[in-house]
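Step one of this worksheet: look at the structure below.
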Amino acid sequence: MTMIEAIQNAHDLAMARDDRVVVFGEDVGFFGGVFRCTAGLQKKYGKSRCFDTPISELGIVGAAIGMAAYGLRPCVEIQFADYMYPAYDQIVSEAARLRYRSAGEFTCPIVIRMPMGGGIFGAQTHSQSPEALFTHVTGLKTVVPSTPADAKGLLLAAIADPDPVIFLEPKRVYNGPFDGHHDRPVTSWRTHAMGEVPDGYFETPLGVASIVQPGDALTILTYGTMVHVALAAVQETGIAAEVIDLRTLLPLDRETVMESVRKTGRCLVLHEATLTSGYGAELAAQVQADCFYHLEAPVARVAGWDTPYPHAQEWDYFPGPARVARQMRALMEA
Amino acid sequence: MDDHPPLALHVPEPEWRPGDTPDFSRVEIPRAGSVRRPPVDEDPEAMRDLAFTIIRVLNRKGEAVGPWAGELSEEELLDGLRHMLLLRAYDARMLMAQRQGKTSFYMQHLGEEAISTAFRKALGPRDMNFPTYRQAGLLIASGYPLLKMMCQVYSNEEDPVRGRQLPVFYSSKEHGFFSISGNLATQYIQAVGWAMGSAIRGDTAISAAWIGDGSTAENDFHAALVFASTYKAPVVLNIVNNQWAISTFQGIARGGAGTFAARGHGFGIPALRVDGNDYLAVHAAAKWAVERARRNLGPTVVEYVTYRVGGHSTSDDPSAYRPKEESTAWPLGDPILRLKAHLIGLGAWSEERHAQAEAEASDTVRTAQREAEAIGTLQTGRRAGPRDMFEDVYAEMPPHLVRQRHEAGY
Amino acid sequence: MDDHPPLALHVPEPEWRPGDTPDFSRVEIPRAGSVRRPPVDEDPEAMRDLAFTIIRVLNRKGEAVGPWAGELSEEELLDGLRHMLLLRAYDARMLMAQRQGKTSFYMQHLGEEAISTAFRKALGPRDMNFPTYRQAGLLIASGYPLLKMMCQVYSNEEDPVRGRQLPVFYSSKEHGFFSISGNLATQYIQAVGWAMGSAIRGDTAISAAWIGDGSTAENDFHAALVFASTYKAPVVLNIVNNQWAISTFQGIARGGAGTFAARGHGFGIPALRVDGNDYLAVHAAAKWAVERARRNLGPTVVEYVTYRVGGHSTSDDPSAYRPKEESTAWPLGDPILRLKAHLIGLGAWSEERHAQAEAEASDTVRTAQREAEAIGTLQTGRRAGPRDMFEDVYAEMPPHLVRQRHEAGY
Amino acid sequence: MTMIEAIQNAHDLAMARDDRVVVFGEDVGFFGGVFRCTAGLQKKYGKSRCFDTPISELGIVGAAIGMAAYGLRPCVEIQFADYMYPAYDQIVSEAARLRYRSAGEFTCPIVIRMPMGGGIFGAQTHSQSPEALFTHVTGLKTVVPSTPADAKGLLLAAIADPDPVIFLEPKRVYNGPFDGHHDRPVTSWRTHAMGEVPDGYFETPLGVASIVQPGDALTILTYGTMVHVALAAVQETGIAAEVIDLRTLLPLDRETVMESVRKTGRCLVLHEATLTSGYGAELAAQVQADCFYHLEAPVARVAGWDTPYPHAQEWDYFPGPARVARQMRALMEA
């Protein structure tokens, strides 16, 4: 099953089991979303549980907060993460702090889904990875799946969560794993081992990372599309790296991360977002603090360059396996 | 093209600044009772006039006249008067408490008491308000304990929001009062969302959104009108036009539109403009708008014309930007004196009973204040503690916050 | 309160979905020439009717009739026709180029050609447009080289924006065409700011803001109307209502308002509603609004009623959400055929000359395309390089970017 | 002179010397701003160069961008940094990327001023320090002065800069230096050595840090109000720390920072913003990468707790000299 089908399926199961779950956003109703993640839901659950909205991300999130305060569990879609900014005030100032400021009297169990990341020639406004703008905001949980099964389990857990969850979907791996080799034929999840998705309702707990490739030479901390890039780089370098898919960025699964780095003594942080003040900075800061006496080399970061995401130069920008491999070798030599 | 004269920027200015003598005689105030009362299901286009007038019930003689009159019993009016007196007495004491350093900050309602107290009486028990910091009358008129309000203002141990919020940022789900945000206007679209939620569930509860004249310029105001208009949300969209946004007069936010109520017309939303210092008019307009929402006819915009007599907050000194005399020159009078005159006219009230009621109000406040201060103030006694600081960020405290709480020593 | 029937959510739906047969016969289209043309300085309140009708000049017989007619000479009209033909031919070639994989993405104007081409002719050389991705006619009508447009679409070495932007996100200061943003509506308030800047400097240049029906729901739209209304900015606030926002019909953004033009009324801004498929009507309305701005009378909202005949973009297939027949059933016809008929009626044009003009247009496009492809496409030839990627983030490249550029190997 | 007077003076000089400089924001016109930073400017330069705006941060920044594209140099005020979110889309998606996306054809020389930080019992919406939300956005420069003289020189440099500059003003030190000892009498800049401000026009270059207290035992990297807290902690611990006031967060004065840490071998990063994904994370990540072989101990961070800024518990939240001193001692023992 593709990640899109897995996300659609998660919506379907959540709506079937809890009639407080409502789904809305731009083009999500009749059409089922520009990426089809909500296909068929309006037909099945009716227009008042799944509907199109005006083009106002603020309105989508603000209305969702009000509905959550009423007692519903909205799961809304922002068409691209690049378009979450108009809603940022409602997310940061309202959703994230409502429980706190009302001492638990009003709460905000909403999920805000948004496709993130590049690799589709979407240029600067269809390629962004704004996760660090959420991890800095206390009161939010931030989730990034890398496989269809995780997308389903994590989304179901997010919808069931009592607090606001930002659910970032790496659109480049919606249809199949992408390891950064843009010149090679694309494989579909349908024909890929990692494409297996369990039937029925299940939750993949938030705050738990997964070790997708064990190893003891060095630790790679990553998430989303970059998990697959990391796996390719490991294979191509032959370096026995341990690849950790964080899955939830906040709260972070610190134990799994630190245990691995203490074991390997080397750490590479990998993400597609721009380097400066990216989430990799927080990971590097925590790793060097917790594992200082185990580190053989400084924590290295491979990330998007500090430029807007360009169109023609997409593959010069995208941190592909070659860049990752180069950094891995450098780390091993350090 | 260049044979045209040069362009110039138009920057609206209030008519009077400190030193000038305000003169509202040119401001045309419709006679009480002169504005028609359409059926709630009348076509919005046919009601456009109601956004460019002022619905008023109490005339100069203190009589209740016209089609918007006759909604409330004497008992209800006496209640209303007591609510306004209580709110005014409460404000006075809390202002003084702030000056005495018992808390950090305060915001009063002087001159605007009728709006929130009268509106509350038009709502049902399960309806929800999304207020600003200037609608504490909603709590008082719904019987919320003064003591709790004071504990919030003092951020003491009994503060329902555990010392986390700025004074006057109350919250009471039970009393239909949504947690106040310091970010202007954000609650406006949330109110629409709450109302949509009620409609989605086939409930009968409605919501009321609150905003000030200045804040209508914010993004959330637009989103609220768009969503309310599209989904016909059962919500009352209140705009309290008290003429000022801190030092900025309402003309800067209003621009070329004649009134704030007119904003509704861009969306096909019916709009009423009401005398905000007339308890009866506020209540009648509120009831009309609430009825529309309850009957699933959709949203109504209601602009309350009033005047912010006091400073914006305890951090503000209005004499720097407007004439001291402006509030006394303001033509719509004082909401308490106007209701008082009406009740005396009805023979239901007297100067003596009024004086007595004022005394009772300040006693009630003083008693509550003694209790509150026995618990603590921002500086003394039993205060909201540092441990509270780490709670409620999430339903369950995540490991990194537990670690930080320990590091902080709790 | 609970004796009221349950509430229900109202979700607007288009009249027809795939499988249905669209029938616009009930849609009332005002007769060409029937709408009055007020003086530009008439009181906005007195012009409200112009937001609820459709200003049309070309009648069914192809005659130009009524008070909005008679602005343009035959030569100008022939120019206009050529511009529309060129835009359509360009769109056709670029769509094909995208299908052939020469670029990643494309957005066409099919059915909307009159709006941007005619509007441009009402502007002066120093005026500035803040367009969306669907106003390339502004460039074509101002003589911007097709070759440059194609180089941008191909992101090749001669792309004026150096391969950084999505195809069709052109930019030309010289041609009064502001850099296009992928974030909807953001340009709307920027246009108002630009106009305010011109007014602050006592200049005579004005600006034009552009937005689609769906995008009027965005925050920036509100900010633009608030600021334009308050400061009487010399700006034309264009709304292109092509009935669709990707898969979402205009009723979702419009809500209870009869029209998008009506949005202006909430701000006291005069609003015109115009037949967007009528080159003469578009130009006449544009000229009227531009004149208001130029004479410092302030902003005007202009809604262009048109229809998005093609898909939203090359990533979209409209057959999934609307009947294929809808575009042919659409009552306002094709802008090119209507202007063609008018010119033939004037005796200034013929089927032969039209066929010839079409051939010329596609030759012009083909020639430019050959040149462009000789330079390169997204996949082949001389392309915008990785070194360009690090330039222009700042005026001067800061050390950390220099370091990253070196790390990248340039 | 106070920092407020210094900022007002900088506006005055900039407007006098360049008539393209315009100043606007909420209450900045007739009243001169709720903190009086624009007092007298409307009277002196007229209503079309200094005026009040509607309460729309989006409108303020969006209009400024348009004016900048026209050829003006707007310097606008957001009343509190906590209220910048409605303008965040215009800042991130527009101001920061306009030069890039138009290949230099349209530029955005604007300054966006906003008071930041706590210590005034302003609770969660008058106390925030959102600098990391700007440092993650390439195309922006982010500046935070700590003294009146720097406020003046840096603001003049920011207004003269060809690119958008976020100018964060630590409001707790508007009137005098505040070292975190809230129980002690406040001193005014007027009577304080660091209160000296040179007359006339001068620019303090962006991107250059200042060593406010030399030392060789450990390096403290900080900015804004926390500079004064750090100085107090140094004095109280007697630890010979080098205190670096970054002044510009982006672009960072990396040379000064790394040189100091290589010398001291110990580094403490201090800011008031919440810890996770704060700017301190970026500093820690860079320092451990550049100075790994010189570090005697992991880079330590002292920051605001990961909670909203509370009202009653302000001094439990504020990272005062006691917390800093404790961390300094821990670092020296490591």
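Here the chain labels run A, B, C and D in written order, and each chain numbers its own residues starting at 1.
Here, a contact is a pair of C-beta atoms (placed from the backbone, for glycine too) under 8 Å apart; a residue touches a chain by one contact, two chains touch by 3 or more.
Because the structure is predicted, anything quoted here is derived from the model rather than measured.
Novice: Which of these, B-D, A-C or A-B, makes the same contacts as C-D in over half of the contact pairs?
Specialist: A-B
Novice: By mean C-alpha coordinates, which chain is most distant from chain D?
Specialist: Greatest centre separation from chain D goes to chain C.
Novice: With centres defined as the mean C-alpha position, give me the chain B-chain C separation in Å.
Specialist: Those two chain centres are 42 Å apart.
Novice: Hey, how far is the Cα centre of chain A from the one of chain D, in Å?
Specialist: A distance of 31 Å separates the two centres.
Novice: Suppose each chain is reduced to the average of its Cα coordinates; what separation in Å results between chain A and chain C?
Specialist: Centres of chain A and chain C (C-alpha means) sit 36 Å apart.
Novice: Between chain A and chain B, what distance separates the C-alpha centroids? Give it in angstrom.
Specialist: 41
Novice: By the touch rule stated above, which residues of chain B touch at least two different other chains?
Specialist: 8-9, 11, 162, 164-165, 169, 181-183, 196, 198-200, 217, 219, 222-223, 226, 230, 252-253, 255, 393, 400
Novice: Indicate the residues of chain D shared as contacts by at least two other chains.
Specialist: Chain D, residues with two or more chain partners: 48, 53-54, 56, 58-59, 82, 85-86, 89, 93, 100-101, 124-125, 138-139, 250, 276, 306-308.
Novice: Taking the touch rule as given, give the residues of chain A at its contact with chain D in the complex, in rising order.
Specialist: 82, 85-86, 88-89, 92-93, 97, 100-101, 124-125, 132-133, 135-136, 138-139, 250, 273-274, 276-282, 284-285, 288-290, 292, 295, 297-301, 306-308
Novice: Within their complex, state which residues of chain D touch chain C.
Specialist: Its residues touching chain C are 22, 48-49, 53-54, 56, 58-59, 62-67, 69-72, 86, 89-90, 93-94, 98-107, 138-139, 141, 162-163, 207, 250-252, 254.
Novice: Which part of chain B faces chain C closely enough to touch in the complex?
Specialist: Those residues of chain B that touch chain C are 1-2, 4-12, 44-45, 124-127, 196, 198-200, 202-206, 217, 219, 221-223, 226, 228-232, 234, 251-258, 262-269, 294-296, 298.
Novice: Which chain A residues qualify as touching chain C in the complex?
Specialist: 26-27, 29-31, 34, 47-48, 51-56, 58-59, 82-83, 85-86, 121-126, 275-276, 305-308, 310-313, 316-317
Novice: How about chain C: which of its residues touch chain A in the complex?
Specialist: 8-9, 11, 13, 17, 104-105, 155-156, 159, 162-167, 169, 181-185, 214-215, 217-219, 245-248, 252-253, 255, 315-316, 320-321, 378, 383-386, 388-390, 393, 400-401, 404, 408
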